[in-house]
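The two complexes that follow have chain A in common; it is paired with chain B in the first and with chain C in the second.
Up next, the complex of A and B:
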């Protein structure tokens, strides 16, 4: 398994797209830091906002970059790995090796999860650092629920938990995209498919709105205002998507 | 000793039968030509042998290991080029091979680099190994394809249209390489190609298929005897049109 992880990891980072995506992402995070640095308030939605401070800065930074991560960088990396490599024919040289296809899929999933985690951690670290550089530190901070105030340590944990929930949404996206990449024929159609699923989820059930409106869902969940199940649909997407796609990979015919 | 055994293999796609009740064997040390017109099912069968496609019915054994049930053991005995070898263009030839070598449990970490250099030298690419694959000519990519097929010390190498796009010099190099590997290392080859003249120079056996069915199999001598005064090409065309 370790060899599969290493081999796939090397291929991911040898792609220009991965490195360029990371650079662009860091640039966007820094630009968003500058943007938030000149703002006085951070907005949860169209009606609710709170003063921006060193304690809540990283959370609003994640909100700013989340769409970019969910709609552009994430899908590019996932589709490249699950569909692009196969569609381009390069995966054939891997598939004819004496390896387990189940483990190959698991290795790809784990590597992408680690890379997504890297993007999230980069955002968190830069957000916490920039918040303390650009905004005043306060003794008490409130988030979407004005009845709950947090001290510096509590705010840090609040941010950390919010980032963790967002990471779970990315993992759900990873599993759903893996299934789409197995079902659909080409990278562009896979991307359109992901957009279709994310937007379509809004119409199918409110419980699936996290696929497109990730940070909005996290804000409301953390404030205790989210009226729908959150963790259950996220977990179902993660585990069901992973298991179904894994079995599918093991049974499918590789004809590209 | 049987290296490859195809036993009653059938594959359908919808209502269309791609391969029908195919049965044949290849023995150790054979260089077996696999011929048939376009759409006869050659690539489908090669995909089944290399585990890319599941047979609908029947069994494929490599060195006695069932490709479906003992995938890792069976494919551990095989090196293959299925259609054109497509490498990662943004990596050097050597890095591509190092990456693929990680997927062979039989190559210990400390011996990977040496094994890669060895196969690069075998195919005559040792001088260009560190260049990016996107700078390689078609012939060099084919040789790199053979190098990746050699990585795991295979007993059987499967080549699907290996001469596609090669110039006469490239074809000659490929021919010499196959003969060298067969004679020096005893590697068994299963080569699909439309170039009957080329196959005649390297193969001792032939498997001929048409519309997914086995038409004939046997030694080159037997085929020549059957063809009589006709060339193998003329006799092949005759077999395909009757």
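Up next, the complex of A and C:
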């Protein structure tokens, strides 16, 4: 298993796209820091906003960059790994060895989860750092719910928890995209499929709106104002998507 | 050249995605109509946001132009310029006695004709849906107009709106073609194209903020450097006869921007497409 993880990890970083997306992402994060740095208010949505401080800076930074992760960088990395290698025939060289396909899928999923975590952690570290550099520190900060005030330590934990929830949304996206990549034939169609699922989810059920509106969902859920189920659909997406796709890979016709 | 165009045209239609989009146009129109029926409850007759049978085609285009048409253009162009080239299918065309410049223009023409067809089908479906789902009204209120207009005037307005929307899609398409030509893989082409769309969407916000913070007071028209902003509000501003739009020469300015995008990116794409390494 360790070797499978390593081999897949090397293949992910061998694609220039991975490193270039990381560089572009860091550039976007830094630009967004400047953008937020000149603003005095952070907006949760069209209506509610609070003064930007060192304590809540990283949360608003994640909101600004989340669309790049959910709509561009995330899908590209996932589709390249789950569909691009299969589509381009590169996976044949891996599958010629006597390895378990179940484990191969698990290795890909875990590696992508680690890389997504890397992107989220980079945002968090830059956000906390830039927040303390650019914005004044305050003793008490409120978020979307004005009745609940947090001290510096509480605010830090609040940000950390929000980042954790966003990471879970990304994992749900990872499992859903893995299933899509198995169902659909080519990378371009997979990308379109993901956009279709994310946007279509809004029309199908409000419980699926976290796929596209991740940060807005996290804001509301953390303030206790999210009217729909959140953790259950996320968990169902993560685990059901993972299990179904894994078994599907095992029974799939690999002769291509 | 005609045979080459025909072959490109057939290869575009070979994709299921093209048929899928053509079939889903009525569905998209129906969903949009459903959305505007709900929308009408909060906007009384006389507000430009109130939808009637006559202005539904324009409202439906405003709602879907930025997301649906841009993304469809991106996907079709990625298939046509990146996927066919990088997967080697295009070798079978290059084998024949055509110059790469001819192949480029045939691809461009095939895409442009296909988009034109989509726009016509969309317009027809929207006109039908307008009269089925919405009530007719003798007077129409338009965005950026200071007076109501007659339904007869609305016909010309709708046609000009669709024409400009088509021109704006040709503008974004020229950027997508340039991206498709330089990308080594289709995921990269899609990612860069979406990145361009997101940056175009974000630019007006950042420009407004920059103007407010620095206090330079740069002209508001500069935000129409972004193609999606032209698609979002620019076309309505361009077609309006209001004094502010006339003072800024809004129409001329936006047409120049569109022409600039098309000329710059098409020329660059053609140059790279014809000069790059043929041995793939």
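Here is the rule we go by: the second predicted complex is superposed on the first by the 254 of 256 C-alpha atoms of A that agree within 3 Å, B and C clash if a C-alpha of one lies under 4 Å from a C-alpha of the other, contacts with A are read in each partner's own complex, and residues count from 1 in each chain.
Here is the rule we use: contacts are C-beta pairs under 8 Å (C-beta built on N, C-alpha and C of every residue); 3 or more make two chains touch, one makes a residue touch a chain.
Keep in mind it's a predicted model, so treat the numbers as computed, not measured.
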First (chain B), second (chain C), both or neither touched by A:14: first
First (chain B), second (chain C), both or neither touched by A:98: first
Touching both chain B and chain C, residues of chain A: none
Touching residues on chain A, where the partner in the complex is chain C: 17, 21, 24, 35, 38-39, 67-68, 71-73, 75-76, 79-80, 84, 186-189, 191-192, 195, 199, 203
Contacting residues of chain A [partner chain B, same complex]: 3-4, 6-7, 10-11, 14-16, 88-90, 92-101, 251, 253-255
For the chain C and chain A complex, residues of the former touching the latter: 17, 31, 67, 71, 75, 78-79, 83, 185-188, 190-191, 194-195, 198, 206, 209, 213
Parts of chain B lying in touch with chain A, wherever the complex brings them together: 47, 50-54, 71-76, 78, 80, 82-88, 90-91, 95, 99-100, 102-105, 148, 152
